[in-house]
Each structure stands twice: as structure tokens, then as C-alpha cells.
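In what comes next, subunit A is part of two complexes: it sits with subunit B in the first one and with subunit C in the second one.
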Partner chain A sequence: MESLLSGFSDIFDPQTLLIMSLAIVGGIVVGTLPGLSSVMAISLMLPIAYAFGPVMGLSMLGAIYTAALYGGANSAILLNTPGTPSSLPTAFDGFPLTRQGKAYRALYAALFASVIGGLFGTLVLIAAFEPLANLSLKFGPPEFFCLACLGLCAVAAISEGQVLRGLLSACLGLLIALIGQDPVSGDVRFTFGVYPLISGIEVIPALLGLFSLSQAMNILEATGSHIAPYKAEANLFGKLARKFRQSWSILLRSSIVGSIIGILPGAGGAIASIIAYNEARRTSKDPGLFGKGAVEGVIASEAANNAQVSSSLVPMMGLGIPGNVNAAVIMGALMSFGIQPGMGLLSNSSDIAYAFMASLVVSNFLLLGIGFYMVKLTARVLLIPSNYLGPGVIALCIVGAYAATYDIYGVWVMFGTGLLGYIMLRVGIPIGPLALGLVLGPIAEKGLAQSLQMAESETSLLSFILSRPISLVLIILCIAALFAALLVEKKTRLAETRRKELQDG
Partner chain B sequence: MDRLCIYASDVFIILVAAIAIAFRIQTAGTAEPFDAYPKLITGALILLAIGCLIQTRFSQGLTKKESSFTQVLKFVALIAGIAIYILAISKIGYFVSSTLYLLTMFHLKRYGNADEFLETKPIVADSLISLAIVTSIAVVFKFALNLVFPESWLF
Partner chain C sequence: MTLRKFYRLLITFCAFALLVLAVKPFTDESSLEDSYPIKPIKIIVPFKPGGGSDRIARVLDMFTKEEFGSSFIFVYKPGGGGHLGLRFLANSKPDGYMLGTYNTPDLVLGRMTGLARYEMDDLVLLGQIAFDANVFAASHDSRFSNMKGFLDEARQRPGKLRLGIAQPKGGNHLATLALIDEQKVDVSLVIFAGGTELASAVLGKQVDVGIGGLAPFLGSMDQTKFLAVTGSKRLQKIPRIQTMIEQGIPMNSGTGRVLMAPAGVKAFQLERLKNGLKNIFDNPDFQTELRKIGNEPAWLDGNQVTEYLRDFQTQAQHLLEKTGLN
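Coming up: the complex of A and B.
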């Protein structure tokens, strides 16, 4: 506790607070812009962080990470374009809310949920990073395969009344993710003689195409002058406070889900937010509202998304194993300061470790203050007429895809997936599951291939997987998620019939 | 769902199944156990496609969607416009191609709309707005974040 308090005293320095505030603003902008990821922002700031020294430099990187992950929600809500893969489920309900003229409600809900989730994740990091880091070591390839399966089964449940089509879309995403090199053997496959496909389908341009380009095309085809009405709601904060009071269990559950999944190396925020979203929908009294503008959906997704920010640093700080690319870049920063991550961090540089953890707490409070004012600025996107917004988003997509891949090939990937997304929307097949399939594909494939190698001495792969307790729990959860999907579909149909009956009579 | 739309979704699902079959055929040369996952995915995709086609036959009362010839033409023009823009950006350069693309799109989007503002100075306003968008994207990506930017013989 003393070490943590001393960490806070290191952070409460005017210069550090100013740098962190600027990092928060930059992080929100980067997260909001499609194509720019938190990794890109953190890596760009590495040389500056080095110049600032360990405490200020790491605090700045932590602040960018926190803000960029939150920033992804802004474009997801306003333009149906998730700025980061982990804000995918935010778009499911955030954009319908924008369409209903409730953009402010969605944006503030995302901000408050992100801050609460972020603080929860940081408390988990402070309180339990040592024992939890040990648990994450028990996750082997079979567990990762089962975890990816759980993410995909959860997809079935969120595909509004279209379980089969949702699964088809998810499998199509997994199929596209197969293109390029096998993650285990390194063999090149499914390129059909097209040379640039050897490097595979890059996730950022693909997501840009699926969500941004297809949306920009929709904007250009629409007849309205604006994408959605821009209006302020009366007594907005009163309504939000009531909603948060009613949704405290969703907030808590999502923060726990985000924290646990964040700890698992390689799992990522996309799985955390999708599982949290699915849980919120499953336990909701009116699951039919999800996907049509349920604030609870935004709360669940964003709380989980930001809870995993700090918890994803647990294996890196506790064991020296980066849990995701962001953690790997931050680990690089630690090493450039001559600090060895892992248990040595606590024994040799505990002051820096605790100052960094304290900075994550402060970052969330700064995000609350700065984000509160930036919401008003970002919501003004809705004032832009659609004939300017559509082409502007297309130009942004192209530059974003180019910047993400340093190549025109990335732009063509974005174009191809954009076209695919647009056609899928037109024929009534959800695109969210496809995006998740793309993200989860390599995790699932690597997990299965390594599990098969591990299970060579066993009678079958299934018996090998079922003999591992964590895998068994995850398999049970997969089956439960599929049953829940069917149950939710039935509940939705019943609710809709009842609504129609009430309207008729 | 309109019959035409059902046909469109059927065609899409059949195409997906055909792609899955093409991938399945390519898996034949892959060594074990690395072929297990592609086989699993392609198999699942083919089964799901069949399931979706059967489900479509029995589904009723879904949203009705209609597409006119003009809408299809508009869609084709939109796609062609984006493809030409991507080609131009890699051959000519970002600034010129983006400004021209935005200007054309602003004008085309308004085509046929009666608007007093349009009848007065649309070209001047559109040119200024397209230049502002192009410059602000460049300022954020190239100058503020120092990212790699599409460049070619012209600027």
C-alpha cells in the first residue's frame, strides 16, 4: 500500500499530469480515427517516452493506451465504424442509438462505462496481478482454441434472430483468415497465385472496409441530408444515472469478464467485449432490444473493453510475457529504460511499477474529465451533411488503410472487404460475426494445430481437451452459449409477437 | 422478404459455399495435422450454407426490400468511382486524386436535387470543402503522426 501511495505521489506532478492529459487527447483522437490503432499511437510515442524518463514516459504510454481504446467507441457510435476491433459490439447498439437521435446518450454511456471498467481493471492489476499471472500460465493451446470457440458461439447469440446466418458469417471470416501463411507450419496456402496474399489479410484494413467503407457507401446511397438527427436530450444525465443504477450488475459482470480475458495472453479486447455483450443480452429482461439501440449493450462492451486494458498488462508485468501487441510495445519501453519485466520488476524497480499502476488509475480520471468535454466535439460529426461525410469517410478509409499497411495492397484489401460487407448488408447477413471470425481465426487455428500435436499420444483430440479442466469449462460455456442463443431467439420472437398484439389491439 | 432479395441472398450463399469447396480442394495438398483446421472450417461453412438455404425456403414475413435499375446503376458507379480513386491515388498521388474525387462525389451526390444553395455557388463551396478535407487528413496522418502516406509522381 505504501508503495502504491508513493507511486501516486510520483504521478501528482504538474508536468506529468500535463503530459498525461495531452496523451489522453491524442489517444482519443487516434482511437476515433478509423485505421489508427492504439499500438500505432503507443509505438509512435516510444521515442518521446524514452526522452521523458521511466515514470513520465510510461505514464504517457498508459494514458494513450487507455484513451485510444475508449476512442474507438466514438466512431463506432457515430459512424458505425469501430475505431478498434474491441469496440465492435459497441457499434451494434451505439449506431442504432445515433440513428434514433440519442448519440449523446450512447457517447456518455460509453465514456462512463469505459472509466468504470478501466478503474476496475486497474484495481485487478494492483490487487491480484501476481496470482492471476500464475493462472494465465495454465492456459495452453487447447484452452485458447476453446476460448476462440466460445467467442464464436457468442457470435451466434448476438446475430439478431439469425443464428445460422451469424454462424455462416463467422465461418466466412475464419475462412478469409486462412489466406496466407499457416501460423504453425509457415506454409503458404489459399493465395490462388496472387502474390500479395502471401502476407494474409491484414485485420485493420479489413475491418476498415467491412465497417467504414460499407457504411460510407450506405451514406452515399441514402436520400437523407444527414446520417442521423443531432439533438440534445432533456435530463440526459438523470436518465443515464438511472440506467447505470439499473445496469450495475451488467457493469460489474462486464468488468470482471474484461479483466479475466485481458489477463490471458493473446485473447484480446475483441473477445472480452463480445463475451460481455453476449452475457448482457442473455441476462436481459428484453433481449429483443439489443442490436436496436440498448444502452446496456454499449455499457457492457465498453466496460469489458477498458477493463482489459490494465489487466492485459498483468502477464507482462508479472511474468515478462506480453499479453497483446500493446503490452509488447510497453514492455519494449520498459526494457529501453533498462528495466527487466517479470518478477524482477517488483524486486528491482517496484517504485516504477507502482507509479505506472497509479498512472493508470489517474489516466481513467483524466479520461473522465477530458472525454466529458470531447464528447460534445465528436458528436458534432452528425452536423456534417451526408454528401460531404460519405466521400470524406471514403478518403479517410483509403489513407487509413495505407497508413496501417504501408502499402496500396492494404487499400485493395479494404476495398474488397468493404464491397463484401456492403453486399452482405444488402442480402441480410450480419457483418459483425465475419469481423470477429477474422480476428479470432489465427488464435483458433494455432490453438487447434498445437492441440493436435499435443494430443498425438492420446486416444482422441476430444478426450484430450475434455481431460483439461479449463477447456472442459470453456466447452460447457460454448454449449450454454449456443442454447442461450436459441433461447434468446425464442424470447425475442415472443416479445415481438406480444408487441404486435399490443399494437393491434 | 421480397422474392428478388431471397434470390440475391441465395446466390450469395451459394457463392460462399463454392468458395468453401475451392478452399477444400486446395487443402488436399496440406500435410497433417495442419489440414485439420481448414477442413473443419470449409466443412462447417458448406453445412451452414446448406442450412441457410433450407431456412430461407421456410422463412416468412421478413423485411421487404426492392432494388430498382437506377439503384443498381448508382451502386456500380459508386464502386467504379472508388476503384478509380484507389488506382489514381497510387499512380498520381494523394492530393490531386483526393481533391478531384471528393469534388466529383459532392457534385454527383447532389445531382438532381433542387437546392437554392446549389444553384448559386456549388463548385466554389465544394472545392473549398474538398481542399479542407484533403488538407486536414494530410495534416493529421502525414505531418502530425508522421505516417507513411500514398505518394506518386504528382503530389
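Coming up: the complex of A and C.
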């Protein structure tokens, strides 16, 4: 506790706070721009972090990471463009809210949920990163396979009322995810002789195409002058405060889901917000609103998304095993300051470790303050007339897809998936399930393939998976999620009839 | 009036463009010999940021400003086990401002396993800056104390032990297949997507033993038991761990970290790059920094690397056919 307080006193230095504030602004901008990712920003700033020294340098990197993952919500809400897989569910409800002229409500809800989730995740990191890092080791290939399946169960939820189309879309996503190298044999499949496809369909360009490009074409087709009305709501914060009070359980649950799943190396981020979203929908009184503009959906997705920022650092700090690319780059920075993350981090370099964790807390408060003012700026995107915004979004897609892969190949992927997304919009097949398949497919496939290899020393795959307690629990949860989807559908119908009755009466 | 203005603008523009074209050769001329490099050099890391290759390149970059006048610009191009980025390097303009980093023996394995789409002649090797033997690692409470014990048990209980490998179709994979073939044992191989994934699988006991680089284990040394080192000599960080050869098992493999440029780079540029790289390598601070992140400095010049790869290739060819990895 004392060392944590001294960590805070290291951070409360005017220069450090200034650098962190700038990093927050930069992070929000990078996160908001489609295609630019937190990894890019962090690795770009590495040399500068070296020059700043450990405390200031690491606080800056942590601030960028925090802000960039929040920033993804802005483009998801305003332009239906999830910049990262983890803000995918934010777009499901955020963009419908924008179309209804409630952009501010969604943007502020995303900000507040991000900050609350981020603080929760950071507290988890501070309280118990060493034991939690060891917990993350309990997740082997079979568990990742089951977890990805649980994430895929969300397909049932987001394609309600059009199950067949939803499944079609999800299967298409899983098929596209098969392109590239087999995860365990390394053999090349389904590339049809196009060599760059060896690395698979890159997720970021694909999401840009599926969501943004198809949306941009839609914008250009539409007759309206703007994509959505830009208006300030009366008593917005009063309404939001009520909303947050009502959905405290969603907030808490999503933060917990984000923190726990975020810890798992490799797969965490993408799955966390999807499962949190699905959970929020399941427990909602009016699940039918989800996907049509439920603020709760935005809250659940963003709370989980930012809770996993800090918790994704758990295995890196506890074991020296980075859980995702962001953590890997931050770990590289730690090591070049002469600090070996992992065992003994708290005994050898506790001052810097605690200063870094304190900086993550401070980052979230800075994010609240700075984000609050930046929301007003970002929402001005809606003031741009459609005939400028459409081409603008297309240009951003091209730049983003190129930046994400540093190759023109990314741009082709973006155009290809964009065309696909446009066609799907036209024929009324939901895009969400395809994106889920694309993001979760590789995790599920690798988990299954490795499980099969592991099961070679057992009697059978099924008995092997069922003999592992965590897998067993996850499988039960999968089955429960599917049944819950049926119940939820019933609940939706009830809520709808009630709404109709109210309208009639 | 406006039309005339437009013409005037057009003419001014053309004149300016001509001027630029006329001056450009001169600036090229001035970049000759002694002033090279006049701008930052890009380095292609064919993996994700934060991985082993990235860390080594970043250590190198601590000294590039002093040597070449400016730091590297990092370009990450992951995919195909690194061969995608290598092809990008092989196809890029040989202007002396684009380098790449990769590993041996994977560099020649790519062609043989069908993952690579470039020829060795498309690249010119500048040198090797580090050579890392692999380690066989297990969880700290593992019942095995060395690899001999593991192989003995594997012989008695065919197919019951799990051995994790860090990357499909890489040098590591091939060396392990060779070992299994030679020792006539039957183990279940589990293949992971990289060193860090392997490390968490070893610590989480998903596999009995895993083979990979030492670096990912540095943060969890108290939870790891090392069973053997695959190189010709022991590693400084774990001096008590025997090599495979010491345990009576003939296995000598490892990962060399090499730098290269696309073929066709001018001779004086090549000379400058090679010398600069050697200068950095000879700096004791560089070697200290490299050891800090768990890698072993070891110099080979371009020709020596080529020779090593040629030897490897002849040995590997029949192994690949035998093990069916190609």
C-alpha cells in the first residue's frame, strides 16, 4: 500500500501529468481514426519513451493504450466502424443510437463506461496480478476452444428473428477465417495462389471493409443531407445518470467479465466485450432493444473493453509472458529500462511497477476529463454533409487498411470485404455474425487443433476436454447460452406485445 | 483573364518541376560514398511488434544513431512464419535504405517447406549478430530432471508424453523431428504459435516439455525447470543446465539472428552497412544489452552465414523428405 502511494506521488509530477494528458489526446485520436491501432501508436512512441526514462515513459505508453482502446468507441458509434475487434459490439448499438439522433448519449455512455471499466480492471491488476497470472496458465488449448465457442454463441443473440441468416453470415465468417496458414501444421490453405493471403484475411482491414466501406456506400446512396441529426438532448446527463444507476449490475458484470477474460493471453480482448454484450442482453428486461439502440449495449461492451486494458497486462507483469501485442511492446520498454517483468518484479523494481500501475489509475481519470471535452469535437463529424462524409470515410478506410498491414494487399482485402458487406446489407443478411466468425474463428480453430494434438496421448478428444474442469464449465455455459437465447426471444416477444398494448391503450 | 492566370500557373509549375528534376541527380550524387546514409534506414521485422526479433532489433537500434546518424524506422510485416515480410524485403528497391531481420535456419527452410516466395539470391546477408540455442523447459515440479530421462520414459510409454514446439515448419520443428526420429521415440507433438504461447503452455503444464528460446521464460525462472540446452555450449543465464551433447544425445541446433538487404544494393553501401553492423557488434555495451534480454551475441559475417546455411540445407533436405514436413 505504501509503495502504491509512493507510486502515485511519482506520477503527480506536473511534467508527467502533462505528458500523460498529451498521450491521452493522441491515444483518443489514434483510437478514433479507423485502422490506426494502439499497437501502432505505442511502438511509434517507444523511442520517445526511452528518452523520458522509466516512470514517465511507461506512464505515457499506458496512457496511450488506455485512451486508444476507448477511442475505438467513437468511430464505432459515429460511423459504425469498430477500429478494433474489441469495440465490435459497441457498434451494434452505438450506431443505431446515432441514427436516432442520440449520438451524444452513446458517446458519453461509452466514455463513462470505459472509465469505470478501466478503473475496475486496474484495481484488479494492482490487487492481485501475481496470483491471477498463475490462474491464466490454467487456460490451455481446450479452454480457448470452448471460450471461443461461448463467444460464437452470441451469434444466436445478435441475429434474433433471422436465425438462418445469422448462421449463414457466421459460417461465412468462419470460412473466411480459414484462409491462410493452418495454425498447427503450418500448411497453406485456400489462398488460391495469391501469396499474401498466406497471413490470412487481416482482421482490421476486413472490419474496415465490412462495416465502414459498406456504410460509406450506404451514406452515399441515401437521400438525406447528413447521416444523422446532430442535436443536443435536453437534460442529457440527468438521463445518463439514471441509466447508469439502473444498469449498475451490467456495468459490474461487464467489468468482471472484461477483467477475467482480459487476463487470458492471446484471445482475451476480442472475446471479452462480445461475452459481456451477450450477458447484458440476456439479463435485460427488454432484450429486443439490443441491436436497435440500447445504451446498455454500449455500456456493457465498453466497460468490458476497457477493463481488459489493465488486466491484459497481468500475465506480462506476473510471469513475463505478454498476453497481447500491446503488452508485448510495453514489456519490451520495461526490459530496455533494465526491468525484467515477471517473478520478482515487486521485490526488484517495485517502485517502477507501482508507479506504472498508479499511472493507469491516473490515466483513467485524465481520460474522463479530456474525453469529456473531446466528445463534443468528435461528434461534430455528424455536421459534415453526407456527400463529403462518404468519400471521407472511404479515404480513411484506404489509409487505415494500408496502415494496418503496411501493404496494398490490406487495401484489397478492405475493398473485397467492403463489397461483401455492401451486398449483405442489400440482401438483408446481418454483418455482425460474420465479423464474430472472422474474429473468433482462428482462436477456436487453433484451440481445437492443439487440443487434438494434446488428446493424442489420451483416449479421445471428448473425454479429454470433458475431464478438464474449466472446459467442462465453459461447455455447460455454451449450452446454457443457447437455451438462454430461446428464453430471451420469448421475453422479447412479451416486451413487444406489452409495448403495443401500451401504445394502443 | 483567369485562363491566362491558369496558364501562367501551369508554366510556373512545369518550370518548377523541371528544376526539381534537374536538381535531383545532384542530390543523388551528393549521397555518394562518404555521406551515405543521409536519411533514416527502414528495418523490416517480419513478426509482430514486441516479439523476440523486435526486441533484438530494438537493442541494435540503441546504437544505430551513433553509427548511422539516425535511428531505424521499424516496419512490422508478420505472416507466413516471417516469410511474408522477407518477400517484401526481397522485392523492395535496393537503395540501401531498406534492411530486414530474420532467423537462421528458417531463412532457407522457407523455400523447402513451400512457405517462402523468394530466392536466396534476392537477398544479401550483412551478418549475424546473435545465436540463441534453444532450451527444453518443463514446469518447476516436473518429474523429469533432464532430457535423457524424458526420452527414456517416452521410449517406455510411446505416445503418452507431450512435447510442445514453438512454431510450425521452423528450424525448431525440424530439429525436434530429427531428434525424435534419431532417438526412435514416439511423443505427441503439440505445436504453438510462438515462444510466448509455448512458455505459458509449459508453465500451465499443457505439455510435459516444450522446446523454444530462453527469452520468454526469463520472467518465470522460479516456475520453470530447464532440462537441456540444444547448443554446443551451456548458456550464461542458466549455467547449471547441461547441453544435449553432454547428456549423450547428439543435438546441436539454435536460432541465428541475421540482418540482410535486398540484392542489388551498391557495393559501397553494402560495405558501409556491413562495417557499421560489425562496429555496433564490437561495442561491449551492445553485447551487455543483448544478454540482458536473454540473447547470446555471436558474430558471423555474411559469407559465413551463407556457408552455414548451405551446409544446413544439404542436411535438411533428406530430413524434410523423411519427416514429411515439406
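We take it that the second predicted complex is superposed on the first by the 493 of 505 C-alpha atoms of A that agree within 3 Å, B and C clash if a C-alpha of one lies under 4 Å from a C-alpha of the other, contacts with A are read in each partner's own complex, and residues count from 1 in each chain.
Keep in mind that, in the parts below, a contact is a pair of C-beta atoms (placed from the backbone, for glycine too) under 8 Å apart; a residue touches a chain by one contact, two chains touch by 3 or more.
Predicted, not measured: the structure shown is a model, and the values here were computed from it.
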>> By the touch definition at the top of the document, which applies to A:C171: first (subunit B), second (subunit C), both, or neither?
In response: first
>> Tell me the contact category for A:Y406 with respect to subunit B and subunit C: first, second, both or neither.
In response: both
> With the two structures laid over each other on chain A, which partner does A:G338 touch: subunit B (first), subunit C (second), both, or neither?
Replying inline: second
> Of the two partner chains, subunit B (first) and subunit C (second), which one does A:A328 touch, if any: first, second, both, or neither?
Replying inline: second
> Which of the two partners, first being subunit B and second being subunit C, lies in contact with A:L252: first, second, both, or neither?
Replying inline: neither
>> Looking at A:F190 after the superposition, I want to know if it touches subunit B, subunit C, both of them or none. Which is it: first, second, both, neither?
In response: first
> Does subunit B (first) or subunit C (second) touch A:L22, or do both, or does neither?
Replying inline: neither
>> Going by the contact rule set out at the top, does A:Q181 touch subunit B (first), subunit C (second), both, or neither?
In response: second
> Just subunit B (first), just subunit C (second), both, or neither: which does A:I470 touch?
Replying inline: neither
> In the superposed arrangement, what residues of subunit A touch both subunit B and subunit C?
Replying inline: 182, 184-185, 406, 453
>> Residue numbers of subunit A touching subunit B in their complex, please.
In response: 29-30, 33, 36, 40, 44, 164-165, 167-168, 171-172, 174-175, 178, 182, 184-185, 187, 189-190, 192, 213, 217, 220-221, 386-388, 390-392, 394-396, 398-400, 402-403, 406, 408, 411-412, 415, 418-419, 423-424, 426-429, 444-445, 448-449, 452-453
>> Which residues of subunit A touch subunit C once you look at their complex with the stated criterion?
In response: 39, 42-43, 46-47, 50, 136-141, 180-186, 188, 195-196, 198-200, 265-266, 315-316, 319-322, 325-332, 335-336, 338, 340-345, 405-407, 446, 450, 453-454, 456-457
>> For a test of understanding, state which residues of subunit C touch subunit A in their complex under the given definition.
In response: 48-51, 54-55, 58-59, 61-62, 71, 74-81, 83-84, 87-88, 113-115, 117, 159-162, 167-169, 173, 188-193, 196-197, 199-201, 203-207, 216-223, 289, 292-293
>> Considering only the defined contacts, which subunit B positions touch subunit A in the complex?
In response: 1, 5, 8-9, 12-13, 16, 19-20, 23, 26-27, 30-31, 33-34, 36-38, 40-42, 44-45, 48-49, 51-52, 55, 62-63, 65, 71, 74-75, 78-79, 82-83, 85-86, 89-90, 94, 98, 101-102, 105-106, 109-110, 129, 133-134, 137, 140-141, 145-150
